Structure formats: structure tokens, C-alpha cells
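Chain IDs A, B, C and D follow the sequence of writing; residue 1 opens each chain.
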Amino acid sequence: MPLDFEKPIEDLEARINDMRQYAKEQEIDLGNEISLLENRLERLKKETFENLSRWQRVQVARAPGRPTGLDYVQNVFEDFVELHGDRALGDDPAIVTGLARLDELSVVVISQQKGRDTKENIHRNFGMAHPSGYRKAMRMFDLADKFRLPVITFIDTPGAYPGIAAEEQGQAWVIAESIQRMSRLKVPALSIVIGEGGSGGALAIGVANRVMILENAIYSVISPESCAAILWRDASQAPKAAEALRLTAKDLQTLDIVDDIIAEPSGGAHRDPETTLKCVLERIKAELKPLCQLSEADLLEQRYQRFRNLGRFAALPGS
Amino acid sequence: MPLDFEKPIEDLEARINDMRQYAKEQEIDLGNEISLLENRLERLKKETFENLSRWQRVQVARAPGRPTGLDYVQNVFEDFVELHGDRALGDDPAIVTGLARLDELSVVVISQQKGRDTKENIHRNFGMAHPSGYRKAMRMFDLADKFRLPVITFIDTPGAYPGIAAEEQGQAWVIAESIQRMSRLKVPALSIVIGEGGSGGALAIGVANRVMILENAIYSVISPESCAAILWRDASQAPKAAEALRLTAKDLQTLDIVDDIIAEPSGGAHRDPETTLKCVLERIKAELKPLCQLSEADLLEQRYQRFRNLGRFAALPGS
Amino acid sequence: MTLERWFRRNRPTRKEDDNSPAGLWMKCDSCSAQIYRKDLVANDYLCPECGHHYRMPVEARAHLLTDPESFEPWSGEITPQDPLEFVDTESYVERIARAQKKQKRPDAILTGAGLLDGEPVALAIMDFFFAGGSMGSVVGEEIARAAERAAEEERSFIAVAASGGARMQEGALSLMQMAKTTVALESLSRKRLPFISVLTDPTTGGVTASFATLGDIIVAEPNSLIGFAGPRVIQQTIKQDLPEGFQRAEFLLKKGMLDEVVPRSQLKASLAGYIHLLRNGLKETAHAPGL
Amino acid sequence: MTLERWFRRNRPTRKEDDNSPAGLWMKCDSCSAQIYRKDLVANDYLCPECGHHYRMPVEARAHLLTDPESFEPWSGEITPQDPLEFVDTESYVERIARAQKKQKRPDAILTGAGLLDGEPVALAIMDFFFAGGSMGSVVGEEIARAAERAAEEERSFIAVAASGGARMQEGALSLMQMAKTTVALESLSRKRLPFISVLTDPTTGGVTASFATLGDIIVAEPNSLIGFAGPRVIQQTIKQDLPEGFQRAEFLLKKGMLDEVVPRSQLKASLAGYIHLLRNGLKETAHAPGL
């Protein structure tokens, strides 16, 4: 099911397909006409996606068919093996962790995972991790330090799960610990926001040396729906809240929260997952290489400064 | 209620008291007679306790009125403050942890705690810890390393609890981790077996630079009852099993499992807790002082060698 | 979602009114006794009848936790910007101006130095009466500066948390204060200086999920509400009633999340005890001091 | 309590008989199919019909996990003493002599070196058919030596656990092997050499509570019974039935205690994968190899 604003694109695509089909059946040459339409399609996609509102961007970030964490983990890397369990509370399917290879170098991969269908969504708790998920991530940070494996995290969660067991098991504590543990990594760490970067539950695995974001992904302190519910007591004001929250890739780059944006194929990652995966792979390699030249001390210091300096405030006159 | 073999001692004590009472009431001088009986009492205590069978020793180690972990923690040290919780699963009352002062030096204290009455025994789960208890101990090891606080542990447990939740939360895993974490301490560690050193649940907090044991305490791979149940399918053969297991302080010293024995007042720690506490305090100070002169590396190496070398085996001819 | 309390229920709050000079008498929330307001203030905002812990103004807290005349404020030199040009029912700029006027400080925090039972300490005290104690760039920066300066001056660090969470109007920048305050604590760790975290009613959201739960020792005042998600959010998510005492300090102590629940009347003495103990380990030269 | 299985139920065990040349055919425990014993052996002790995992002799295990002709044994130069002069229904000396004769090794372990998919590894494989795989001084010493020698020779270390627990007849000395094997693993950690632990049916008691659960990666064979206390002990303690699947590998995977449950047919490939990955991190010089 296309998103509202994708309807014209889908319609045009359908027309081009029909025309191709017709040309084939009738054995006539409609090459020129098709080519014209294809150009129009490209322009339409470009215009549409360049001018998305922030709320539309939120919808793209959550679109079904958009590559999920596991799509990246399994396809960007070679030899991925999943490692399970936090050795204390359980094995949280909302966060997938493991080892993988990037050319000759082994890495630790940590990824939040929403479902690719309803069944998986339920299994993955819609990508909302419990404390066990963050504990598993921390176990991977330990493994990464011990074997000097760079860490790559993929962020895609509405947020950490707000439930009774999660609170009883110290959701706040474990997010804080994960932030701290990740900031202490002695190896290079890269984070990529691939879909929805939801609040502390996202940041818990986002304290990297370099933080990238996909063009249509978002990163926010609160979901537009919850924000609207608080500000206007009306969750349907989410589009307004999305606008106010400045949660798109470009906004975040302006605020220095992300270091760079990874362009998506025209029409969004969900229209061309394969190209998206390739772009992400290339970007990971390019970003990781210089980080691998840094010493432990430099990596720690760079990460410290990167996060220490975030925020906007003004000196008071007279101070 | 006295232990069987304590009956003659109790009887004699009662006679001396009666005589004192009588002398006072009648205003007569029975000093000589009393003094004779007191000498006899001393001899009787000494003989009895020097010749205790191993099973009797087990009974003394478990005797009601014998000082428990908290008695030591609260009275041996100054300024004891309890710290709670493992930050993951809960706060296990079977293991008490905290900070305390020994003259000018702060230390971390970890103690297994049986109850001093039925109510406390139930609260403390008879001193049988869950994974949460060992996690709490490990949190204290971290604190000890961070603030360079020597660690002193008091061992007194029938064993780690064998229950469903304990297994689900990885009882074996957490004992192994605790052994490993304690072996990695960068600060001096002392352990004192004050009552019952029961199996892995005891060893989990017993990987110290120096391991001491009270004269009538025991340390065993299995309880005599369980051992008898396995060997003779009859738990009432426990005395025989106790004999076979060589679990007394002297046995353990012969096997190099403990470094030294702390003498108890004549008649056992339960007959004179105050003196026992004083002896233990003096011993802790005496043992800790030289350890505090060692470097981190030396402490680690000493602990490594101490446990690496435990065991008895023979070279095969021709090897 | 974290600021709900501020926006919904506690906006021009009754609690605040309690501490206003409006009425001379008030009825205790907990025991229903009639309390003379001045008695409440004089009693460190504890009900003189039942000991119920009321929220405490930050200056009073600073004086409660430091030796007489020793407290010297550090914070107050920076003020919020409006990086998102945020407007809801009111603009962020106006909201802040109103809060600043009411609380007479630039943002929801007071930091400073003092002596606690003779020990040099730095304090970071969150002001719940300022925008629900929400953490934006200024709060994050003040905490980070205080932690770093404490490390420089060899002071132990005490944070007193009270917060509805992140400052929504600063968007993801407010989220990043979680990481910022967390990394700043490293400066203390490197010098083996104690960080004691005191959680007070209420502490939820991003503050709980960052520096406030990273104390070497974590204590809470009795009955404080402490959690990641607010109770309303959880209730909406799970569609069932929350258990009795859920997210309260005593509950969290049992769940292993706190070192102790400490009544306000004993708070200073407890903190002094922890700090004395944590600062008197072995010296780096591996010599036992006077054993 | 940990050795109960050996003493009670599995003494001159049916399992052992299964692997004896006594009968040509046997009935599968799991699917009840008639299996030709030689097929079972040829199939790495997996039921050819249903894949049920039977306990595997240690030599077969060593060859399963190493490249052809590469395995070279290390263990076998030391033999148990009888430090406690232990006698129950039989003396420890006699018990050991009988086990040695039956299993043709000095104690319940085989260690050695080999190549695993070309990677240099050291193996420590416990023999459950020798005194229930109980860990006494010799088992502990062999594991410690193997770990230390692996570190010296820059080999990854693989332990295959199968044990009823501690060797009661060596008293507290057997308990101490938990600490001994644990500290010996430090030699590997210091050199960043991987330690992979493979838990097989059954692994309980002191072995589970020491080296066997300290793997950088921990895997288990399907349906293996793994725990601290044996199921009987737990049942006697709590006086109620144990949940379905309790203490089985698949159950523990869900509880977060294992990295993976790996069928024997994929075990070598999985171990090779882990080792390749763990040994190809950044070099100490902080240079990325061929990225």
C-alpha cells in the first residue's frame, strides 16, 4: 500500500508498465513514449521526495518494505553470525547482535529490528527493546573491546518499551549503562539511523564516533504522536508536532546531531532496497577506514568531545 | 539447645553456677571448690573440642548462636553501611554487601548471611543465594576496583540455591562470573569461612589472596547429607560422609585450600561471640597489612598462582 | 511523552502553590493534618506530622546538603536558546521567559560547590518547578560543567535529580544531553572521585536514563516516583492497572535498582558516610593508610 | 549432589552399553526406530532417523572437530591421587582403576591440539563415560594446562563440556578446580585468544559453574541438559514438578544463557566461523587489515 503522496508515482509507474506490456503484446515500438514517461517519473520522484514535509518523512521512515536492520546486517556484511542472549534476563528479539566480516576485517554488529510483517513485528515487539536487549548490546561491546572488533549499530526503533517488566528490570538504568558503555569503547564505533531513531532507546546504541542517517530516516526525542498528545492533547496533530520537532536528516545535520546523511535511491529506500544496501556498505567502509587508524585514546577522546559538545545555549550578558 | 556432645559442658557450667548462687545465698566461701570446677570445665571444653569428630565439627559450624555474617560485618568494622541491589534482578538478602572502615582504611565487605532466628532464616533463604546475590557481589568488586577498596568476604552458606528461578537466571553462569571477577580484583582480597563453606556458592566469593577459616568452620564440595544420599542412598549416613569428605579446618589446611586457621574461644565461637569477633578483627588487620603493600600486578599474580596450584595428582610413569 | 506531567497535571501545580505564600495553612497530602506552611519550610519540606516528603526548592536543598555558609553557586551563566523555533500553544521563548521569571534562574538547575561534613563536594540540583525539571541544552551543559569542574577541583559529585524527562522543545538536542551528561561523568571516574546520585520525586525519562542512574551509589528519597516511562504512558501501552507501589523508591530498592532509600532527615549524614568511605581506599602508591 | 547421575542412574549405563559392541542393533531413545549401531557411529552418534544426539566418545569428538590427521593429544601424563583416602561402597582408588581400564585414559578428559578449518586450536573434551565426567584434580589440571599451552602457542581454545559436576571423592580439592580452571583462562584473555565453550548433554554442577560458562561464545548441542543443580535436587528442594524443557539447551537459549544451539552436524563449521571472526579484529597497531 503506497503512502498518500506516493500515489502519483505509483500511478505513473503503472502506466509505464501497462505501456510496456501493450507494446510487447502488439509488437509495436513505444520506446520514445516510454522513455518520455520514465523521465517524467524520475522528475516526479525527485520533486516529491525533495519536498516531503517532515510528517511525510516520518511516514517514509516507517514505510513497510523499507529495509530493516536484519536486511542490512545480513546483506551488507559477509559471514554474519547472530549471537544470542544477555546472560542475565533473556534474549531480546528487538535487538539483533552478532559478528560479521567486512572484507578482511571482523566487526560486531548491533541492530534494532522491527518486523517485516505482522508476525515478525509481534515477535520483535515492533522494535521496542526490553532491558535484556540493551544488556545484550553491552555484552557485545565487551566482546568488541576484547577482540578489537569495530562496532556498527543500526538504529530503528519507536523507543525502548514502556512496560511493567521493563521498568522492574531497570529500563532507565540499562539505557544509561549502555550509553556509558558505548562511550567507553576502545574500538571504532559507527551508528546509522536507518528508520526511526526513537528517543533514549535509540541513543542507547548510538554513542558512536560517527553517526550517520539515511536521507529519509528520523531521529527524535519523542514520537510526533506522543508529542502532539502532550502539547495539544490530540495525537492526530502529529504532523504539526513532526514539523516542530525538526526530526529529519537535514534538521539533525544542522544541529550537529548526525555527522552525515546517506542518500537514498530516488523514491526512497523502500522502492529500491538493493541500491540502498550498496550505498550503506560503501559508506560504512569509507567511514570506518580513517577511524581504524586512530589509537584507543584518540577514539575515546573523539567520542567524548563529539557528545560533550552537543547542545545550543547562550551566555548570559554579564557572565 | 546444646549440641549432644556439649551436654557435659553445659551440665558442669550449671553446677558451677548453682554453687556460686548457693555460696552467695549462704554467705559462705566456696572459692576453692568453684575454682577447681572451673579448671575442670576448661579442661573439659578443651578436650571436647580438640577431639570433635568431623560430623560434630559440622554441627558446631551450623550451631545456633554462632556469629553470623552480619555479626562480623557490624561489629568487626566501623561505620558499616549496607549497599543494596544488583541493578538487574533484585536485592538478595542472602548476601549482604557494603562499605566499612578498618581504622583509617575503607573496605568493601561481602557476607553471606543465614538467619539468626527462623524469621530471618526465611528472609535470608537460609543463606542460599540466588543469582542476584552474586551479581550484587560483582557490583561490589567493581566498586572496590574503582575506589581501591580492599575486599573482605565472609563465607557461610549451605550452597547456592537450587531452584527454578535461580536456574533460569543462570545460577551456574553467575557463579562462574563471580569467581572470574573476584580473581581479577586489582585490590587485596581476604576471605574468611566463618561457618559453612558450601560448594560453588561459597567459592564464588572465596577467590581471595588469603583464605582463612575459623577453627570449627567447614568448607566442602558437597554437604555431608547430600553426599551420603548419593553414596549410600541414605542421608542419615551424613556423619560417615563428613568423615570421608575431610571438610574441617585442619583437613583444609593440609590440602592447601585454606591458608590459615583462626582459633575460636574454648568451647566454640557460639559460646563466646565477643572474643571471636575480636580475634577475627585482629586477624583481618594482620593479614591485610602485607597485602596492601603489594602492587596490582603482584596481587593478581599471587591470586592466580594460589588457585592455579590447587589439586593433587601424580605423574604417570614414563611421562 | 516524558514531559506529560509538567504539561498536563502539574501545570501551575498545586505543589507549587503549596510553597507559595498564598495561604498560611495547608492540608497534608498524605496524613490530611493541617500544617502551618512555615513549619513545613522550617522542617525541610517534610510534613511535621507524618514526615511526608514534599518537593523542595533547590536553594533549600543546597543548604540542606552543605555545611553552613559553604555553598557557592556555579550555574547561572548560560541561558536557553530556541534552536528549533518551537511553538506549541505558546512559544518556547515565552515559556522559558515565564519559567525564568517564576523561578529566578536561567533554567531548571542549580550547580555549585560546598563542603559536606567537611568534604569538598560539587552539587547539581534539578529544579522540578522550572519546566518540570526537563533537561535541555542548558541543564545538560551545567551538569557536564559541574562534573568536569568537580573533577578538576578534586570534589566528590552529588546530583539531586527531579525531572519529567527531556526538554521536548529542544528536540533531539535535548535527547543528546543524555549522552553529554554521561560522558562528562568520565572526568570523575578517571580521578576515582565518587559520584552519588540522589533521586527525588519525580525522576523519569531521559534524566533517569542517563547520569542519574550512573551513580557509584544511588539513593532515593522515600516514596519518590522513579522510572523510564511515566506511569500514564505505561498504562496506555499495556492497558491494565499498575501494581501497587510500582515505580516508587521502595519498590525499586527491592528490584535491586537502588542502594538505599534515605529519608531527607538523614540524607546529609548518609551522603557524608558514603563519601568518607569511598575517598579513603588505598592510595595509588599501594600503601595502606594507617592500618 | 552433582554426581548423583553417575552414581544412581547411569552407573554401568545403558548409554555406555549402546556404544559397546554387545548388540548390533538398538532402539532409538527418541524416535524408537531400530538403528544399526555401526550406522550410529558412522553418523557421529546422531540417530540416522531422527537426528537425536547421543553422547559421543571423546576421540570421535576430537576428530569431528579437527581437520583430518591434525589432532595431537596433550593429556594423559598425569593420574589421580587419593588425597582423602576416600572409601564409600568402594574405594576411590578402585573406582578410578575401573574407570581407567574401561575408558583407557587416566581421567575424564582428553586435551590436545589440532587445526579446525585451518585455524590452530586446542581442545579440552570431557569424557562423561569416565566417572560421570566429574572434575577432580586431574581434569582441572589438564584443562588449566591446555588453556595455558593454547595461549603460549597462540591457539584458540575449545572446551567440550559433559559432566555431572565435581569429583566428590577429592573433596574440596575438586571444588577448587572451579577456581583453577577459571584463572587459567586468563592466559587466553590476555592474548585476546578466543575461548569457545561447547556444552553437551549433560553438563551440570561445578563444570557449568566455572570454565564452561565463561566462553567468549557459548553454544550447546540440541536438547542438552545444562544447569547448576541437577533436576532431582531441584525437585527435592522445591517439591514441585519442573517446567517442560527446563534446563534444556533450547530453554537456556531463550533465557539468554547461550549464544546458539548448534546441531552436531554443523558444529565444526560454526566453531570455524566464530574463530575466524574473533581472530580478525583490528591489529594492535590500530591498522585496519585490508579494508
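We adopt the following convention: contacts are C-beta pairs under 8 Å (C-beta built on N, C-alpha and C of every residue); 3 or more make two chains touch, one makes a residue touch a chain.
Keep in mind that what you see is a predicted model, and the values were worked out from it rather than measured.
**Q** Sort the other chains by how far their Cα centres are from that of subunit C and give me the top one.
**A** The most distant chain relative to subunit C turns out to be D.
**Q** Measuring centre to centre with CA averages, how many angstrom lie between subunit C and subunit D?
**A** 52
**Q** Distance-wise, how many Å sit between the C-alpha centres of subunit B and subunit C, to the nearest whole number?
**A** Inter-chain centre distance comes to 42 Å.
**Q** Determine the centre-to-centre distance between subunit A and subunit C, using the mean Cα coordinates as centres, and give it in whole Å.
**A** Taking the mean C-alpha position of each chain, the two centres sit 33 Å apart.
**Q** Which residues of subunit C are in contact with two or more other chains?
**A** Residues 255-257 of subunit C each touch two or more of the other chains.
**Q** Residues of subunit A that contact two or more other chains, please.
**A** 87-89, 135, 169-170, 173, 177
**Q** If we use the touch criterion from the header, which chain pairs count as touching?
**A** Every pair of chains meeting the touch criterion: A-B, A-C, A-D, B-C, B-D.
**Q** In the complex of these two chains, what residues of subunit B are touching subunit A?
**A** For subunit B paired with subunit A, touching residues are 87-89, 131, 135, 169-170, 173, 177.
**Q** Going by the contact rule set out above, which residues of subunit B touch subunit D in the complex?
**A** Its residues touching subunit D are 160-164, 166-173, 175-177, 179-180, 183-184, 197, 199-200, 203-204, 206-207, 219-223, 226-227, 229-233, 244-247, 251-252, 255, 257, 303-304, 307-316, 319.
**Q** Could you list, by residue number, the parts of subunit B that touch subunit C in their complex?
**A** Contacts found on subunit B: 79, 81-91, 99-106, 132, 135-136, 143, 146-150, 187-188, 285, 288-289, 292-296.
**Q** Within their complex, state which residues of subunit D touch subunit B.
**A** The contact residues of subunit D facing subunit B are 1-4, 7-8, 76-81, 83-84, 86-89, 106, 136-138, 140-141, 144, 166, 168, 170-180, 182-186, 204-206, 208-214, 226-229, 233-234, 237-238, 242-243, 246-247, 255-257.
**Q** Within the complex, which stretch of subunit D touches subunit A?
**A** 189, 192, 194, 216-217, 253-260, 270, 273-274, 276-284, 286-291
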